Amino acid sequence: MPDSLADLSRQLQKFANDREWQQFHSPKNLASALIVEAGELLEHFQWMTEEQSRALPQEKLEAVAAEVSDVLLYLVQLTNALGIDPIAAAQAKLSLNELKYPVDRARGSSKKYDEN
Amino acid sequence: MPDSLADLSRQLQKFANDREWQQFHSPKNLASALIVEAGELLEHFQWMTEEQSRALPQEKLEAVAAEVSDVLLYLVQLTNALGIDPIAAAQAKLSLNELKYPVDRARGSSKKYDEN
Amino acid sequence: MPDSLADLSRQLQKFANDREWQQFHSPKNLASALIVEAGELLEHFQWMTEEQSRALPQEKLEAVAAEVSDVLLYLVQLTNALGIDPIAAAQAKLSLNELKYPVDRARGSSKKYDEN
Amino acid sequence: MPDSLADLSRQLQKFANDREWQQFHSPKNLASALIVEAGELLEHFQWMTEEQSRALPQEKLEAVAAEVSDVLLYLVQLTNALGIDPIAAAQAKLSLNELKYPVDRARGSSKKYDEN
């Protein structure tokens, strides 16, 4: 995990170590915390139309960015705890998706997603 | 957003553009997709003890890594769609957390989290 | 908790007892299982438009009903484990909502929800 | 859908009608709102041990009951919107689970769940 995410990872380890929070940070608990934050993120959008979600007012955008950050902070901590490199894992998954959804068959169709 | 995440971001934009999937990728829908993947991630841990979650067998670890990847892929696409820099946002949130949870008061206590 | 939900509650207790699954059914784990099922429910809708979600084909409707059922089954087991009467709790919450969202101020506005 | 849930269902329809909120209550949006509430429910448990979750203090129990209620209120509204009878659907799912997890093979094992 190079660069920007690696910096974040080191800072988060120090943050948790300084507070002796690693005891609470089992992968099970971090995966729970991640989905809780994903819920707070989705809450901003739940009564919006899709169109409204594409054109957020500045204040809402900042609130959404804060929730996205919380998701990312737990995701990095979870990959730390498990010894996973998130970028390498994401690149591998993206390569699989390239095979799973060939351009000429997937174009313009949301149905491909349903096969997951 | 420099480096590794930026690469991923560019690849994901091309992936969605090639398939004409941007029409489905409203922030509202991407936030839904993100939490759906966060659920698939949590599913691996739901009946485990915390201890078990800290020592996953290799096969389970790979399955978990794939779900973490899905969460990250949607997170990057959501920040793309919103024009948010996820690393800058996460750094800002981490700075806030440093103020919110001073080391000497937060040490060893999970209660601080309850004030969220 | 009278009647239909009470029947379901008794059956679910017997189901878990017969399989010696109460050991796994801590409230923490049941709340995780509930949100995992809620994710499987949402997955059906994630790429649909709202209009499409209001007019599901029969096959999709049955798949959605199965996921709603899973959510309800865990919700009942969670309330069992905690000794909560779900109907009484829901009635109390509904009464609070009546006070929180007066008809003449809440009419036609989704903004009221944002104050949560 | 007989009795207690049916009462709740009727009250929720009147509640939404009075406020002209049915326009926001597409199944897609209700499924989002349900998982958002499921996240608020899980948040109470995320840093607890399983043991702690089995012995909640009274104040925490009441907060949890309120979140369970929110999940149930959206579940009932979603089944209303879709024309699903939640009790009948849950009974059907429970019958399937009886076949899927025979007592003599499922006893004491959380592994059966992994096959989902």
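Structural remarks
Which chain is which? They are A, B, C and D, in the order written, and residues in each are numbered from 1.
Everything that follows uses one rule, which is that contacts are C-beta pairs under 8 Å (C-beta built on N, C-alpha and C of every residue); 3 or more make two chains touch, one makes a residue touch a chain.
According to UniProt, the chain labels map to these proteins: A, B, C, D = Nucleotide pyrophosphohydrolase.
All of these numbers come straight from a predicted model, not from anything done at the bench.
In this structure chain A contacts its sequence twin chain D using mostly the same residue numbers, the overlap exceeding half. Contact tally for A-C versus B-C: the pair with more C-beta pairs in contact is B-C. Work out the mean CA point of chain A and of chain B, and you get 2 Å between them. Note on chain placement: the centre of chain B and the centre of chain C lie 25 Å apart, centres being C-alpha means.
For chain D, the set of residues that touch two or more other chains comprises 24, 29, 32, 35, 38-39, 42-43, 45-50, 110, 113. Interchain contacts join each chain to each other chain, per the touch definition above.
Here chain B touches chain A in the complex through residues 1-5, 8, 11-12, 15, 18-21, 23-24, 26-29, 31-32, 34-35, 38-39, 41-42, 44-45, 48-54, 56, 61, 64-66, 68-73, 75-76, 78-79, 81-82, 84, 86-87, 89-94, 97-98, 101, 103, 106-108, 110, going by the rule given at the top. The part of chain A that touches chain C in the complex is made up of residues 32, 35, 39, 43, 46-50, 110, 113, 116. By the touch rule above, chain B contacts chain C in their complex via residues 24, 29, 32-33, 35-36, 38-40, 42-43, 45-47.
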